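As structure tokens, the structure follows; a few thoughts come after it.
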Amino acid sequence: MAFDLFLLEVVISGLMTGVMYSLVALGFVLIFKASGVFNFAQGVLALFAALALYDFLAEDGWFFAVFGFTLPVWLAIPATALIMIFLAWVIERAVLRFLVKQEEIILFMATIGLAFVLEGLGDLLFGSDVKPLDIGIPQGASDLLLDNFNLYVEKLEIVAAATAAVLVTALAIFFQKTRVGRALRAVADDHQAALSVGISLNKIWVIVWSVSGIVALVAGIMWGSKSGVQFSLSLIALKALPVLILGGFTSVPGAIVGGLIIGVGEKLAEVYVGPLVGGAIENWFAYVLALGFLLFRPQGLFGERIIERV
Amino acid sequence: MFYRENGQFKSSYSSDQAIFPIAQDRAFVIGILLVAFCGVPFFINEYWANAILIPLLVYALAGLGLNILTGYCGQVSLGTGAFMAVGAYASFKLVGFFPEVNYLILIFVSGLVTAAVGVVFGLPSLRIKGFYLAVATLAAQFFLIWLFNKVGWFYDHSPTGMITVRPIDFFGVRVTGPEATPAAKYLFTLTIIATLTLTAKNIVRGRVGRSWMAIRDMDIAAELIGIKPLQAKLSAFAVSSFYIGVAGALYFGVYLGSVEPLEAFDINQSFYVLFIIIIGGLGSILGAFLGAAFIVLLPILMKNLMVGGFGVASGTAGHVEILLLGALIIFFLIVEPHGLARLWQIAKEKLRLWPFPH
Amino acid sequence: NAYELVIPTLDYRTGPYAPNGIPLANAYSDYINLLNERDGGIEGVKIKHVDCETGYNTKKGVECYENIKNTAPSRALAIQPFSTGITYQLIPKSAVDEIPIFSMGYGRTSAANGKVFPWVFNFPATYWSQATALVQYIADQEGGMASLKGKKIYLVYHNSAYGKEPIRTLEALAEKYGFEYRGLPVDHPGQEQKATWLQIRKERPDWVLMWGWGVMNQVAIKEAASIRFPMDRFIGVWWSGSENDVLPAGEAADGYLSGAFHAAGGDFALHDDIRKYVYDKGMGAGDRDRIGEVLYNRGLVAVMWTVEAIRNAMKIHGTKEVTPAMVRDGFESLEVDEARLAELGLKDFTYGIKITCENHEGPGRVAVQQWDAKAKKWSMVSKFYEPLREITAPLIEADSMAYAKENNVTPRTCS
Amino acid sequence: MSAVIQSEREALLSVNNIEVIYDHVILVLRGVSLEVMKGGVVALLGANGAGKSTTLKAISNLLGAERGDVTKGSITFQGEDVQSLSPNELVRRGVIQVMEGRHCFEHLTVEENLLTGAYTRTDGRSRVAEDLDLVYQYFPRLKERRTSQAGYTSGGEQQMIAVGRALMARPAVILLDEPSMGLAPQLVEEIFEIVKRLNEDEGVTFLLAEQNTMMALRYSNYGYILENGRVVMDGEASALAENEDVKEFYLGVSGDDRRSFRNVKAYRRRKRWLS
Amino acid sequence: MTTHSRNETLLEVESISLSFGGVHALSDVSFDIRKGEVRSIIGPNGAGKSSMLNVINGFYHPQEGSITYQGKRRAQMKPHEAALGGIARTFQNIALFRGMSTLDNIMTGRNTKMSKGLFWQALHFGPAKREEIENREFVEHVIDFLEIQTIRKTPVGRLPYGLQKRVELGRALAAEPTLLLLDEPMAGMNLEEKEDMSRFILETNEEFGTTIALIEHDMGVVMDISDRVVVLDYGRKIAEGTPEEVRANQNVIDAYLGVSHD
């Protein structure tokens, strides 16, 4: 294989992996942008969504046990989305509404608690075995590219990239152009003031957590198809963090661009620098890369300027 | 009725600034210390030492360290695990180099080493704030752990990369390894932690502590009234890392005895300590202890209750335990977002008013 | 008879490695239930099974250990930590607490040296033996040890103490037989291995070995399939060769190889007994149709050997009320030959073992099994290889002596 | 100004003997009662810490966010108990509060800030746009800064944003907490003129907490004086303005002359009505 | 009222210009502050008053112009240098340290006067303790002076607005400043409190000779207590002089005071 073709391959796979991270990061951004909550439970949310989806599809699930049939994919996905919306509603009822106006770190902590609850619940309801998730997304390398150009790209990731593009466009429009989008940003700035102008925090929270839950479902589908549905799925949240800081916590496009940069950066580092220092540098490299960007832009590439005034 | 400050007048500023200006508080704390130092060692067994009290103390110390940085100086860090690792590895190497030197001194030096590393990784805090900084400290977390896992020198080239503590005597008493008696380990840890807690309290109620809190509450204003952000933040990183480093050394040497960097000091460890201070109370010394008690003891308690008490299968109990722990964290945050320490304080304030409702 | 034999387990049914921990734990529980139901325990003495959830986490492991080690009446007769980290943790304690540790096929390899580690047993084989076995298998396919020269053999490993175990052996082997070795670490949990497999795709090693665990395994197998790396040149350690690892890759995993020291499949006489005495009575710990999975059988063989050691201890000491120290003696002179296996309903399940005072690893033999994706079955495709002791012995000696020196252990003499 | 007698009209908003506790232990309101008549402008006066803001927040139900609790008494709006209503429900019914200390949405632009005020409105974009123009007319300065992020505007500009944002909701009752704070003198007057205009032309009812007693009494028709969490005096604005004590302590006139701030040293501390 | 050093210039602002993107917060503003005087800065909202103070104590860096303070001329300085040089201030939007008690807040004001290092502090013994108590004594004077003894140990976040302003003044006074910058110290206060505040300002000025730069919208206060006034509008200086002169200035009436003001 020619050398530069390999480089290209590394870059492409970096981009694709980056998109996969972005899908998770997007969920974070939504919630942060709209409520100032750093939602640590995003990874678990993705896991939970994937578990629920699997349950509708598989014969060893609750759904089958109760109703005696399984759902086709096109019905199972909306059904799972409904579950995520219900979950958002429960979260708002049971957690968020009691934490109005608390500091960021408290809310952050609450989402960690939430992550535990969902994790325990997921395990109790669905068991901790590995569950293969197959909703018909093509898997494996694209034969077309591999045979003709000797270029290795995963089909699943092409699908993920396309999905992400659609999601991002829709979300960006939603935030910038709509009345609810504006209200979401207002809530993030000042809970109490938002209340005082009649924005219902409860409603807003249900909305963002629902949207974010649905984004988590998408991420869960992609990652679940890739590596099976199991606890480890929730740990991809950690891979989304450098993407977030690089792109900026509040920027939807930032989540994508951040993902791309991190993806390519870490793959190049691992492939070209890794062997020199013993490998497995991807993880810290991603963070160091993000840190490097932050030193120049403390609010991330696309994040909102941090207002410093007296 | 009994908890009143009436009639306790301070005649000098120095007595007004005492750590526990209220006599009842003072008596209470002295009582606890007496029990901890003179009572517990007679009854302690291995289970209580290795599974409960030592982890509790070590985590309280780590929590104290992180609380200095996060609770007092407002810099959120998720690198605690890595800083504990620095302390652990430093003590491991130091004991190897200077087996003759007193263990306490080596632990102290390990703390200093960690402080130095902490300062280096604290540098970005001058520009990066809030959650951005938190995530940036993850760079330290992942990089340091990678380093300890990768560079053979750190683990004396053992084939698995694990490090194991040597048997060490402290003034003739074995304090590490399986042969150390529970009481010896416990007292050794307790002494260090009691001393460090006192120093922490001294620091936070003095000038340095105030400048940390000023930076935390409003960094711009602090700068405008003449507090140097560089000095304040880095000193917080240094002191905090020192504490965390000592905690790491004890965690490795006295508590676990052998560690694998990737597991013992991973990011979960960082979160764990963060839970401790948030649940316990940010910016509170007592909080670190209450938080550690909550986070260390509660799961054990729940497990023993479910498995031992109700005969729940241990796997199921494991799931339920996670679920319940999460739910309790949320519950306590809702009841009192400022942590158990604040809850305690409110309870005291109520007591002071008692029997009147307000 | 009020005396009970306490067999504790440190399980993990939660956390990232739960999918692997569950079958192991189920097998333990099932076998003990079987003995209690069918035989009234061991030699008529009831077994008390205490389990404790560790989540594969060392700290919880310590708590569990302290909690269960003195369980009345017999105290814990032998500890099976099922985690490298916890094993390391407990090794120094074992001598003081006088409780034998049986880290079957994992843990500290140099604990094979019974002179330094009288309380630790890691038979029937260690990682280092396994590494030499896998290389021998490769040599067989390539046409003899000599043909290894110039070949490229890569290792994809879990970047942890466990994953690093074989490195030294492989390096020594590479030096001796002249193949090119390179290690590619994968960080926990290992869901993202693109960079690793791109490098493999570029450098085209002849063989890839894998020391993986958890989700890492199945992702690696999928990635290998994606880059069209031939499955029959991809060999996992015995912890990377269970149904969990290959099923998610579907057809693509066909032909994947892994190390093994016991058979897969649920049609041994013992399994039938378990179905009859345990599952039919509704006491089964897991799903009936998952009996016989690789990790389930792994659990079975582990508890079986433990039980045989207890039996042995009873024989040696002439009492049914054995203590952990007696069970240690039982381990140290344990002999489970083919005939005994057949009695236990495990004919041809694994090979016979014999443990001695200086050798706690036992025979150290390892075979290779292969996955048939259509039939969804593992089957042995090689003989059991004898370890290359000339490679492993000096390494074991060096490492155990270093431990002895650091911890002031005077190696005992065995004679 | 329409000199409406308070008691002749129906009470739109009434607060009955409420008690508020912060943080479970700090008692700040010890039984406050007041009534706001429909179409009235009621002033809430009192020293720092008397509990004015707390009273307003209790009405608009914003106390929860500060860990405050109404532990006794009741609050009714149009005869209905509103204590269980959420703040946004109250805004929908026409009660909006301008909080003390601005509380702008820092990252939103000035215009977006104003538009959030219209969040609850359903009468169509064009009506909202009209009102936006109206607000810009009241505060030309805001029009100049419409695309700046509110976090970067000056203190007075933020105050205008806060008031403008409330106007955008087209409320029936506005609870104004220190509207004049930090505003230039001519703007202070303008704000009160706006209050007057909205009150007279559109029938908007006002309850305002204000330190600028002179202004407040000039523009309101009824007043309550709060001290230490209790109402110590109330009455017609004109009557209050004539009260000797009020004159002396709140208006700073002793005899007929305004006291100079330069001579305050010689001035004796006042007595409290009730403590 | 006049003292011997009244005519010495303490601070001179020379043609300062400051803009943020397209917004010109200050354009070519020059004025001086004399030692020992009370100098007021007034002007409509958004005129650039607060920005001016921010420039003086180094938080904003002007694009053009320079500042001479105590004879040293410079384009800009770091905020803590200004603090060390004796410039203290209060803020328009209260900038207290909300999590700390009144006492601690005021003690932070003494930060520049304290020097004992971490080691001694950790021991809380000997020099550090002595230093702490000496400074505490000073702070107690400030507390007595401002009559806030009763709230000494209260966390400032719980205080009503007016008291917070007073604590903020205390924090500035604790630094024993040469030049005290006050940004709307009386906003949100009732008459009585304004009187108190005026009294504190005047006493500080007269007894300690502290020079004061004051931004305030209450004309009564400004007219009564300031020696000289400078008026800004849209970032420009439109008038300057004694209170009487300024009050009579037509530009000022148009831009700021409004016609109806008495």
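As written, the chains take the letters A, B, C, D and E, and residue 1 is the first residue of each chain.
Heads up, the rule we're going with is that contacts are C-beta pairs under 8 Å (C-beta built on N, C-alpha and C of every residue); 3 or more make two chains touch, one makes a residue touch a chain.
Note that the structure is a prediction, hence the values are computed from the model and not measured.
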{"item": "Shortest chain-hopping distance from subunit B out to subunit C", "value": "1"}
{"item": "Most widely separated chain from subunit E, with each centre as the mean of CA atoms", "value": "C"}
{"item": "Between subunit A and subunit D, centroid-to-centroid distance (C-alpha), Å", "value": "44"}
{"item": "Centroid distance [mean C-alpha coordinates] between subunit D and subunit B, Å", "value": "47"}
{"item": "Length of the line joining the C-alpha centres of subunit B and subunit E, rounded to whole Å", "value": "41"}
{"item": "Residue list for subunit D, restricted to those that touch at least two other chains", "value": "23, 152"}
{"item": "Subunit B, residues touching no fewer than two other chains", "value": "149, 220-221, 224, 316, 318-319, 321-322"}
{"item": "Multi-chain contact residues (two or more partners), subunit C", "value": "13-14, 22, 159, 187"}
{"item": "Each pair of chains that touches, named by its two labels", "value": "A-B, A-C, A-D, A-E, B-C, B-D, B-E, D-E"}
{"item": "Residues on subunit E engaged by subunit A in the complex (per definition of touch)", "value": "54, 59, 91-93, 95"}
{"item": "Residues on subunit C engaged by subunit B in the complex (per definition of touch)", "value": "11, 13-14, 22, 25, 51-53, 55, 57-59, 62-63, 66-67, 84-85, 88-89, 91-93, 95-97, 108-110, 159-162, 164-165, 167-168, 187-188, 395, 399, 402-403, 406-408"}
{"item": "Contact footprint of subunit C on subunit B as seen in their complex", "value": "46-47, 50-51, 55, 149, 158-162, 164, 166-167, 177-179, 255-260, 262-264, 266, 300, 303-304, 307, 314-319, 321-322"}
{"item": "Footprint of subunit B on subunit A - complex, ascending", "value": "38, 94-95, 98-99, 102-106, 108-110, 112-121, 123-124, 238, 241-242, 244-245, 249, 277-278, 280-281, 283-284, 287-288, 290-291, 294-295, 298-300, 303, 306, 308-310"}
{"item": "Sites on subunit C touched by subunit A in the complex", "value": "13-16, 18-19, 22, 159, 182-187, 189-192, 194-196, 198-199, 201-202, 214-215, 218-219, 222, 225-228, 244, 247-248, 250, 252"}
